[in-house]
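Here come two complexes built around chain A, the first alongside chain B, the second alongside chain C.
Right, the complex of A and B next:
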């Protein structure tokens, strides 16, 4: 069964533990600036929202890459950057409608979420359960349950 | 390793920026952050210097764990000689600036001298430049933050800045980072203003790493995070109610200094409590509290983000305050509310916004207003003196007007900005100033919590709860319950809390972690990250060393035993109600024992043997 990252932004406190865990896995240092998942602060609304790649089935980044450096991992559904093949042309960063694939100037290639090969660090590091890793077909389940419950309790 | 082993020396007089290696011998003795920066300060300035002169230095400093994924490891401190007290000042702040500085590759920045005209420091990894800030001078914290983000076209820039209060001479001006986290106490912002330094803007992309044993670090920090999550205080009380979880608790035990300490219980406490912040208002059906928020790497997330009712008199015609912003912590709610007798939650929240917006310590500000209210009550201060301001206890209008004036440095606000000690002396009633060493004390009445009396009296930065938070033991029962009304054993309790806290601060962790962590939980995290061998005993000793270093700085600055005292009210006027009814603080029963346990003379001076034992010299 494929799994997907599922984000419940209302639980996020903006602590950046996900960015620390992500950057540590990717770069070997704690460095939010190099994290593949990013937490955004909506100050006036008093809200925080983590965001990362949704792993499009027909991924624009993958299709647009001129050197086929982005591949589909059939085991996880993740679209992964092959480091040795990427030439850092950044066309994928233009193609991605969500901005979730980005250039890494230290390594001179792009990087994006690869779901850590099927065991995402951001999920494990989140102290409030704002980032979950769920059955890819059922990411709406908790929201459905909430609205289903309203019929019971009304 | 975790230290970057690099510091940045910024000479504002010369306009130079010079990197230099961190003194690692000192780091092994004083850890980092509060301890290490205090060592640098003590070594580099004359303790007798005028805090607002070019001779004083201002150090922004991180700890060895700052910037790592250890929970709460986002702290930084500002260390300088404080203008409110004349004592060594160390003000600790969360948010994201400290971790960003570390990520840029720096353990600390030492500012010295004074710039000829306003400047700010821009740090981007190895690059650091002093840049003109003429356009920023006269601006609020929030305006400055927005202007710098716009100018540098960089939403990820982290900024610490002073507001107008500091520029106008407010002696408890704060340095605010990330819009509403603050190095709040002792007037560190006033020192920054005296150097014509408006702001520090930092962007770091190098990463914090170089851990001694990465696998062990991840393991020990994960185990420690679990302890925080499982604790009733750090896992539940603080995220749910913030530090405001205390308002009703401290009121119940009769240790809530009310109306400038003239009472110990407040009938309006319920209305301004953490619980009240979560309840929908009658007016707009929304709660004051919008969400809780975490500082960098913090898995507790006690921060309050609040929204004031748009129809409230304070902001109904000011849409710029309609959005969410930094809400009330317990100390701020107490100072702005309980101490002034004001029980209008949204008015306190607005006053708190102003403290953030223009960089003022809400504790000292609120307590100074409270003292002014008592002066006004007895007629020592009149409407003529205040420029028409009717400073009646309980008046929300007076509180917010006073906040607006002090934030901008206008009219009577200029006098309020000097703190209660100077204000009460000027108007002939020094006894109304609830201060120790010139700094206003916070939200725990030493008549109802005896240990806090000794805490305030001996705090190296003037009255402060964060130097030895014995409330944890005396009220919350952590790590062990002691009787708040007893003095027996309190000298030792205070000493231990002081030493532990000095170590925790110096590592770069938040003191709130110690509701769930002992040094035995912290040492493995530090040891896995850093060179050296770190265990609880060695950390405790480092804490004691740091405490004595700070004490010696103050002794050299001219403080003596007679400054280790409390306002007369706490020593002579018995509490009128509650469990502490009839009690005063019995400081005399604790202080001599404390000196003895510290290894100090009867005059409060570290003996030669103590100095030798701690490696402070013969």
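Right, the complex of A and C next:
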């Protein structure tokens, strides 16, 4: 059974532990700007929203890549960037309608959430259980993906 | 069922793969005019800069990919199409019958018909062969003149500077990338290039290429002559439709298609740079000549060729460009809406311009802002009604992600309380 990230934003306190854990795993530094998961702040509402790639079935980033540098990991369902193939053209960063694949100016390639190969650091670092890693059919991910697809195609 | 795909670029290769998945028993022939395995023109600048080798430009990396998917790759050029007899004529391989044909022959660079434009040392940068010619001449310290500061020119600009050539750029229009950036954004880009030692001549038109005693010079209409070891032409492209003349297939600026990527001839479809397909923003039919549109066309045309009857909602015209480290992007109707919001920080080389129709984003430009830019596409294509978030964006356009998350319900965060 494939698992996916499930976010319960109302539990998020905006502590940014997920961003630190993610950037450390991905880039070896504690720097929220380098995190694949980002927490957005809603000052007026006093709310926080962690946000990252849903590994969507449409896989806009994967299909648009001109050099096959984004591949589907069948073991996890994650769409992963192959660092040695990416030329840094950034066409995936404009093609992804969720804005979840980004250009890394230091490494001159794009980066995105790869669900840490099946053991996501953001989940482990979240002190309030706002980010969970659940069986995909429990998370409503398929519904979410369907909705996302409709939005784009309609 | 025999599917013949003419053109081995991103549109053709995507189509072949979708047909294979959709019709496991179909016969698929993929015909490319160049001697190389299917490759990406978009990757050529990175070959020039030395970042990748020729194999790095290949569209697919797995050895034996096409054979494993029973896609027969043929290196040949089409000379004519006979729709009535479902027959394609190839220069070397004679006639091929098809049940369904996809025209994905792409585009070719426009070389201005000027005295000397066929001189040795004058190249477009469109094929692997062109890139090899340029690499041979673009040595560190060499003088290069780039004709055209459009999208392709600006991508090449970076690769040429990386090679250490002394570069001058000639652009006919009054600014860089006039079809992608407004005056403010183009002005920032120009200033950035000049601060990196690249001379930009705008409102300047090439009149001739002079070759005296083995030295090239680009002669401009204003009387100036720019000496060069190498002249690169990036003056636009045109759809490869010449071989369709006389076939009865309707052609305008590209092969005309309906919403199913179907041409005016039965069982013949078109996709990619050669296809005048539906534009999402305008509803009109235009040639985009961009990678995302090529892939969308290829995938959708393939489904329709397999009888799936899926209409194309239109592709968004969009581009992203890295010019010596300054990233710019544009989307959709960036040059006009009923309302607009702007963030401008010229000293920091940052600029964001949003265009709205009522409370829906319809176009955008971003310079120096690279985080989450894809959301601009998402907002335009989902036609998400921003409601109260529009006012917040008018106040601070950089809060795009908050506006998207707040206004969309595809993430159910805000419906729980």
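In this text, the second predicted complex is superposed on the first by the 139 of 154 C-alpha atoms of A that agree within 3 Å, B and C clash if a C-alpha of one lies under 4 Å from a C-alpha of the other, contacts with A are read in each partner's own complex, and residues count from 1 in each chain.
Rule of thumb we're sticking to: contacts are C-beta pairs under 8 Å (C-beta built on N, C-alpha and C of every residue); 3 or more make two chains touch, one makes a residue touch a chain.
Quantities reported herein were computed from a predicted structural model and do not represent experimental measurements.
Colleague: Are chain B and chain C a fit on chain A, or do they clash, once the structures share the same frame?
Modeller: fit
Colleague: When both complexes are superposed, which of chain B and chain C contacts more residues belonging to chain A?
Modeller: C
Colleague: Between chain B (first) and chain C (second), which, if any, makes contact with A:34: first, second, both or neither?
Modeller: The answer is first: A:34 touches chain B but not chain C.
Colleague: Give one of first, second, both or neither to describe whether A:74 is in contact with chain B, with chain C, with both, or with none.
Modeller: Once the two structures are laid over each other on A, A:74 reaches no partner at all.
Colleague: In the overlaid three-chain picture, which partner chain does A:85 touch, first (chain B) or second (chain C), both, or neither?
Modeller: Once the two structures are laid over each other on A, A:85 reaches chain C alone.
Colleague: Answer with first, second, both or neither: which of chain B and chain C does A:128 touch in the superposed model?
Modeller: First partner only.
Colleague: Between chain B (first) and chain C (second), which does A:14 come into contact with in this model arrangement: first, second, both, or neither?
Modeller: In the superposition, A:14 touches chain B alone.
Colleague: Just how close are chain B and chain C at their nearest CA atoms in the overlay, in Å?
Modeller: Between chain B and chain C, the shortest C-alpha distance works out to 5 Å.
Colleague: Across the two complexes, find the residues of chain A that touch chain B and also touch chain C.
Modeller: Looking at chain A, the two contact sets intersect at 45, 47.
Colleague: Which of the residues in chain B end up touching chain A in this complex?
Modeller: Touching chain A: residues 67-69, 71, 96, 99, 103, 156, 179, 204-210, 225, 229, 239, 290-299, 301, 303, 305-307, 323-325 of chain B.
Colleague: Name, in rising order, each residue of chain A that touches chain B in their complex.
Modeller: Where chain A meets chain B, its residues are 13-17, 20-21, 23-24, 27-34, 43-48, 106, 125, 127-128.
Colleague: In the complex, go through chain C and note every residue touching chain A.
Modeller: By the definition above, chain C touches chain A via 10, 14, 40, 42-43, 46, 51-52, 56-61, 291-292, 295, 299, 313, 318-320, 322, 325, 327, 329, 331, 370-378, 381-382, 384, 400-402, 404-406, 408-414, 416-417.
Colleague: Flag every residue of chain A that touches chain C in the complex, lowest number first.
Modeller: That would be residues 7, 9-10, 38, 40-42, 45, 47, 49, 51, 60, 63-64, 66-68, 85, 87-103, 105, 140, 144, 147-148, 151-154 of chain A.
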